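Written below as structure tokens is the structure these notes are about.
For reference, chains read A, B, C and D in written order, and residue numbers begin at 1 within each chain.
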Amino acid sequence: MASRIDVSIEHKNSPPEPGGSKKHPNTCPKCNSHYRDDELAANLRVCAQCDYHFPVGALERIEQLLDKDSFIEEAADLRSADPLGFFDLRSYKDRIAEAELKTGLGDAMLMGQGKIEGLDFQLTVMDFSFMAGSMGSVVGEKFAQACERAIERKVPLISVNASGGARMQEGILSLMQVPKTVCAVENMRDAGIPFISVLTHPTTAGLLASFATLGDITIAEPGTLMCFTGPRVVQQTVREDLPDDFGLAESNYRFGHLDAIVQRRELKTTLAKLLRLFGHVG
Amino acid sequence: MASRIDVSIEHKNSPPEPGGSKKHPNTCPKCNSHYRDDELAANLRVCAQCDYHFPVGALERIEQLLDKDSFIEEAADLRSADPLGFFDLRSYKDRIAEAELKTGLGDAMLMGQGKIEGLDFQLTVMDFSFMAGSMGSVVGEKFAQACERAIERKVPLISVNASGGARMQEGILSLMQVPKTVCAVENMRDAGIPFISVLTHPTTAGLLASFATLGDITIAEPGTLMCFTGPRVVQQTVREDLPDDFGLAESNYRFGHLDAIVQRRELKTTLAKLLRLFGHVG
Amino acid sequence: MSGELELKLRDRLAKLKRLHLPGGGMSNEVRRIEQQLEEMGNGDERDEDEIWRSVEFARHPERPYTLDYVERLIGDWIELHGDRARMDDPAIVSGLGSFADRTVAVIGHQKGRGDAVQRVKRNFGMSNPEGYRKAMRVMEIAERHGFPVITFVDTPGAYPGVAAEQHGQGGALAASQATMARLTVPTVACVIGEGGSGGAIALALANRVLMQQFAIYSVISPEGCASILWRDAGQARKAAAAFRPDAVHCLELGVIDGIIPEPKDGAHTDFDEAAKLLGKSLRSALDELKKMNGKELRRDRRARFRSYGVFAS
Amino acid sequence: MSGELELKLRDRLAKLKRLHLPGGGMSNEVRRIEQQLEEMGNGDERDEDEIWRSVEFARHPERPYTLDYVERLIGDWIELHGDRARMDDPAIVSGLGSFADRTVAVIGHQKGRGDAVQRVKRNFGMSNPEGYRKAMRVMEIAERHGFPVITFVDTPGAYPGVAAEQHGQGGALAASQATMARLTVPTVACVIGEGGSGGAIALALANRVLMQQFAIYSVISPEGCASILWRDAGQARKAAAAFRPDAVHCLELGVIDGIIPEPKDGAHTDFDEAAKLLGKSLRSALDELKKMNGKELRRDRRARFRSYGVFAS
């Protein structure tokens, strides 16, 4: 039975570090500029030199995007159980507890109500630092509830995504979050509720095969890795060099999978515009 | 105004003759076998040596496919007017009269009721020998009426197509037959009426951009040229050699545009099967 | 010459003829207007020069294109890209924006202006099937959310390329029309330049079809026609005169519902004025369609196209 | 070992648990069956060997594939090809035929049997996005004409290729599920071999999900899992034991509705018998769904998938 094994899926689909070796998190992996934390935060975690978009956690994302104090969290108490009794070097339960301690989040998604320029909407925001943003029961459930709340409240849903894929520790039930969230989106469609999907680095695997690609509008930040299978696995399969921008937002845009690539500094105004457009219907 | 000009569009989209020079119509352009007319008719106008599918006129097609004496023609009296007063070497009116004399048909499409293996359906069959199967008001009108009849009679529509494209002599009204037939198909769809489109050599241009590609099921005979733009024009545009099977059913099948390529000798049984399948619904 | 009075008379005439279809009546006014037009020296016949001027203006390299009108008429514009399968085709643009106090979807052919690079990038407004698939995707967004759809038609035709054929150009053109036929939102198409054959009609199966004064709309390009007629594309002018792709002729045949006036010497001479005139016509077409619900809009649209055809009696 | 009695008990148990969801009751019988299973030495735990046997059987090169079942179960079969945009993907087959006196649409992953050429031709049952787009197209035909949809799931996963990614693998998998979620016809999915992750679920969002006795269904392949867990795909056996992709485990979790028995030594030992058993289960699943109308079918399907998730209380 599920024996002692090391589950290092946290970075399964994260891209290879440009420089090769691990750098300080405030050092730009593209141009090596280094920033104080407050400098970086003030610039929305975008490198002032080269425009590289550093990762943004869920709480900071909410701060960046939403009207001040407008976020009202919902379903905050949801926590995963451990259906497989999964145990590698540590038990799944311990891993969740650790992730919660590290991030201050209950799982890889925050869900609730929010406003941008006074316009009301439902929001989900993912955090890659919580177990690689993997989608287990809690992420699936929060997203489904977000759709239901958007329907009840007759407001659009904005989903800011970042995920390495499935929460393997929940086995097949993790896979079931994929159709579960698809069904939730379909209910929302039937109710005529707008859905805007924002892809941030990285949004991969199960998330791309479910709600992240089902938006009325789908936009991404520059440099977002968005692929169903990560570059390493594809490289191992095809045994040839991948294009430089394989799986990145930039190539996905060329191949027709994105409505727009939006700079982080323009994300809020873009979302405001979309909320206005989807707000007043002829 | 429309001065004396020669309109030789009859073979606008017909393929280049394989041998180069004109051959006797009963000589196989692929393998040069020659047949008596009754031999060829007995073999459904398929070359016994190399399987080349000779063109089949509308009346002979009906004989090949339908239960004996089951065809009841409808809208037989429809004839085109001459909205542009079009005159090249001959007037459009004269051209129609000539085509009628040559083919015994009133225009490039026959329409009516028919049966295969006792199963009732509505039928349209085109004839390339009538002004290159071009779609003018009459073809558009007959097809639209066929859709309406299929809805009234609650039977599937089978359309056997062959066309060089627009009836240029009718100008923009010829183009309007394209959306007109699309709308007719959509009405049929709303009514849940099955539509089977059979493409025969050649089915091109306006027909491909309208009803011919809108079947629930789309099948073609081997060797059917089916392209929106003919090979010559494409070749002139891109100025490079085209693939050998450019625009043919065989390449369209590979590229995902056909449900099946059906040998002429299997066409009747295939249609019978489809009529059975679309007949008894769960 | 098409003066403003003439355009007004022709619009009125076309409307009357449309109303006329179901039963009798109104024929007196029809006759009266026809007579007036003839007296103005604008009967049925337009001379070769007039028709060729439309062809030249319709293709003028400085003529305003879809995005020029979007820039001037549409607020909160956000362009939407991609077919979600293979590419983003720059020869068709699509997006959402606000117009006349509501949200609309705008879809149009887009030519490149200026140097060869720009023109090639937009493929001279000749879309691949992927462009039409992008258009359908945006139409479906509009349908889901009740946004009216405005299309701008301006293409020499669908691109006659090898990959275009391989990826199903004909089927995409048909599917785009089928999608337009299914919509339950109001749709208005404007031919703003070249309305070239299947590539044009794929975006023109709308409740109302308008045409700018110097735009053209035809089943084949003058050159294409000429090269079939005389195997000589140079005879385009003569061919155009035979086909009469000009707005007045299209209105006479009932193929369009109205002619949108342009600045006297063509839209290219004054983008702002051209946009203003276009916007006015668009707005009134949309207002007119407000009276119909979804089912009626769909029925109206299909009935409109069902009616085309001329038969010997 | 999973005897026939055990499978029956487990099916019954799963059904009771499903019925159980809304309110109380039935818990006595649930407990009784659970006890009986335990007494048979078949409690919750299945050993590594048993699980690995499922993995081996599910991937056995002689295991029957979709077209083997079609050949034995479906009358008047006509295969439908192509996505109408880019290609006909041979890793997914689809078509219409008759089954149990009605017309059905059948869609399934298809592996190649025999030599390498055949296996490569079918890409080992790993579809490109075009395969899923073909599937959607056929689902839409079924929807328009009221044909039930039967899917056969048998794939290691969606193909991890460069072009597959470029053409939108993730989006196609999502869209296929969305299409299935929208259908108003009865849908039954059968996992007949490997039910590998996103590639599997894209064809499995059905009203009833059945699984053959020795099929597997999981979020990741045993090798994929092992190479992540130990960076050593050779540890697949151990990984499978951790994930338990076998039918019994899936039934216990409520992920499937029933287990379809196979011939004693696996479906590969007797295609005809395997088909007979599969046909029987399929027929009764479809019969069960007859009671629901279109709206109910859609609601049932979405409610089913809505329910998955385990939470700490």
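Simple rule for what comes next: a residue touches a chain if its C-beta (ideal position, glycine included) is under 8 Å from a C-beta of that chain, and two chains touch if they have at least 3 such contacts.
Note that this is a predicted model, so its numbers are computed, not measured.
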Request  = Just tell me the minimum hop count from subunit A to subunit D, counting one hop per pair of touching chains.
outcome  = 1
Task = Would you mind telling me which chain pair, A-C or B-C, is linked by more contacting C-beta pairs?
result = B-C
Query = Between subunit C and subunit D, what is the gap in Å from one C-alpha centre to the other?
reply = 49
Task = Let me have the rounded angstrom distance from the C-alpha centre of subunit A over to the C-alpha centre of subunit C, please.
result = 42
Request  = Quick one: report the Å distance separating subunit A from subunit B, using the average Cα coordinate of each chain.
outcome  = 52
Ask   = What whole-Å value do you get for the distance between subunit B and subunit C if each is reduced to the mean of its CA atoms?
value = 29
Query = Which subunit A residues touch at least two other chains?
reply = 213, 255-257
Request  = Give me the residues of subunit C that touch two or more other chains.
outcome  = 84-86, 167-168, 171, 175
Task = Once you've mapped the touching chain pairs, tell me: line, ring, star, complete or other?
result = other
Request  = Go through the chains and record each pair that touches.
outcome  = A-C, A-D, B-C, B-D, C-D
Contact set on subunit D toward subunit B in their complex = 76, 78-88, 96-98, 101-104, 130, 134, 141, 144-148, 185-186, 286
Ask   = Where on subunit A does subunit C make contact in their complex?
value = 189, 192, 194, 213, 216-217, 253-260, 270, 273-274, 276-278, 280-282
Note = In the complex, the residues of subunit C that touch subunit D are 84-86, 129, 133, 167-168, 171-172, 175
Task = Mind listing the subunit B positions that touch subunit C in their complex?
result = 1-3, 5-9, 12, 78-84, 86, 88, 137-138, 140-141, 144, 166, 168, 170-180, 182-187, 204-206, 208-214, 226-229, 233-234, 237-238, 240, 242-243, 246-247, 251, 255-257
Subunit A partner contacts - residues on subunit D that touch it in the complex = 45, 48, 158-162, 164-171, 173-175, 177-178, 181-182, 197-198, 201-202, 204-205, 217-220, 224-225, 228-230, 238-239, 241-245, 249-250, 253, 255, 301-302, 305-306, 308-313
